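Written out below as structure tokens is the structure these notes cover.
Which chain is which? They are A, B, C, D, E and F, in the order written, and residues in each are numbered from 1.
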Amino acid sequence: MPFVHVELFEGRTLEQKAAIAKEITESITKHAGAPASAINVIFTDLPEGTLFQAGEMRKKN
Amino acid sequence: MPFVHVELFEGRTLEQKAAIAKEITESITKHAGAPASAINVIFTDLPEGTLFQAGEMRKKN
Amino acid sequence: MPFVHVELFEGRTLEQKAAIAKEITESITKHAGAPASAINVIFTDLPEGTLFQAGEMRKKN
Amino acid sequence: MPFVHVELFEGRTLEQKAAIAKEITESITKHAGAPASAINVIFTDLPEGTLFQAGEMRKKN
Amino acid sequence: MPFVHVELFEGRTLEQKAAIAKEITESITKHAGAPASAINVIFTDLPEGTLFQAGEMRKKN
Amino acid sequence: MPFVHVELFEGRTLEQKAAIAKEITESITKHAGAPASAINVIFTDLPEGTLFQAGEMRKKN
């Protein structure tokens, strides 16, 4: 705790995810006072065809 | 917002998901007054072997 | 299964949620062939101050 | 209901998941008084590269 | 990791939740080989009026 | 999309959440190339008594 789930389209590299996870962890540590060791960030890669906005399929961005 | 997550067994086609997403979006627009552009529907395909009911594995339906 | 989670701002009545749940259930039954008895729809009411879009707090709609 | 989601690293066998699902179901039946038929346990397999703790990628355990 | 989310109707006591969390933790430790310290169990209490099965509101059990 | 869910103990102020949401949005915009308008951050406040680690209740931090 805190637990952070990030849902995004597949295609981001490990380096991109690592950079985001590092900054999310720093942000929560700084503003919420939680120790970094307690912060878990989990990424879910969504393939195209799984997200619909306004009833229409969204293409990968 | 609203955000809708639908977990179902894998095997449904894009056409089936699109039809469901369209109707969910229309229903929420009609009854909750949310604008369609704000409604996101996300499907998670579950493979067989991931769902257990009453402690027993459920086969794909 | 299928399981449907709907996150929306608090303030919708039980009648509104019931109408949405009924239509989501009918839609999934029709298009995905799942029996109605297996379809669970769960609503999560979000209070104002929990959703941020583009880094800005979204007011209840 | 109850619905139980278990996120864990990929690599566990169907037998391991079945054993865990059976014991979770028994535990909730015993302590919460819910009928076993209403208890659904869903496993999400996470590949390596999706979990970051303290800002660092966690290897599969 | 593993992370376990349990959604159930409100009304269970802290003692009931603690007993369930303890047994889930033991089960995952035994069958999946994960260290107990890495296992987090999170309960979400659902009020009546949030769960609909087969399109009908489910009363608290 | 991306959608970010943050689960943390209740007690953080709106200002703390806003600061975290702003930085998460900036981080994902910078590293994943997603437009800020598509990034939604949702906070779930967990009361004490809902999180158990290693089978033991965690107090609010």
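Simple rule for what comes next: a contact is a pair of C-beta atoms (placed from the backbone, for glycine too) under 8 Å apart; a residue touches a chain by one contact, two chains touch by 3 or more.
Because the structure is predicted, anything quoted here is derived from the model rather than measured.
Summary of the copy comparison: rotating chain E onto chain F for the best CA superposition needs 120 degrees, to the nearest 5.
At the chain B-chain D interface, residue numbers used by both copies make up under half of all numbers present, so the two copies contact each other through mostly different positions.
One inter-chain figure worth recording: chain C and chain F are separated by 21 Å, centre to centre, where each centre is the mean of the chain's CA atoms.
Averaged C-alpha coordinates give centres for chain A and chain F that are 10 Å from one another. Put simply, the C-alpha centre of chain A and that of chain E have 24 angstrom between them. Counting partner chains per residue, chain D shows two or more touched chains at residues 1, 3, 7, 40, 42, 46, 51, 53.
The touch graph of these protein chains has some other shape, matching none of line, ring, star or complete. Every pair of chains meeting the touch criterion is listed here: A-B, A-D, A-E, A-F, B-C, B-D, B-F, C-D, C-E, C-F, D-E, E-F. Interface residues of chain C facing chain E in the complex, by the touch rule stated above, are 14, 17-18, 21-22, 25-26, 36-37, 39-45. Taken together, the chain E residues at the contact with chain D in this complex read 1-9, 12, 16, 19-20, 23-24, 27-28, 31-35, 38, 46, 51, 53, 58, 61. Taken together, the chain C residues at the contact with chain F in this complex read 7, 46, 49-55, 57. Residue ranges on chain D touching chain C, taken from their complex, read 1, 3, 40, 42.
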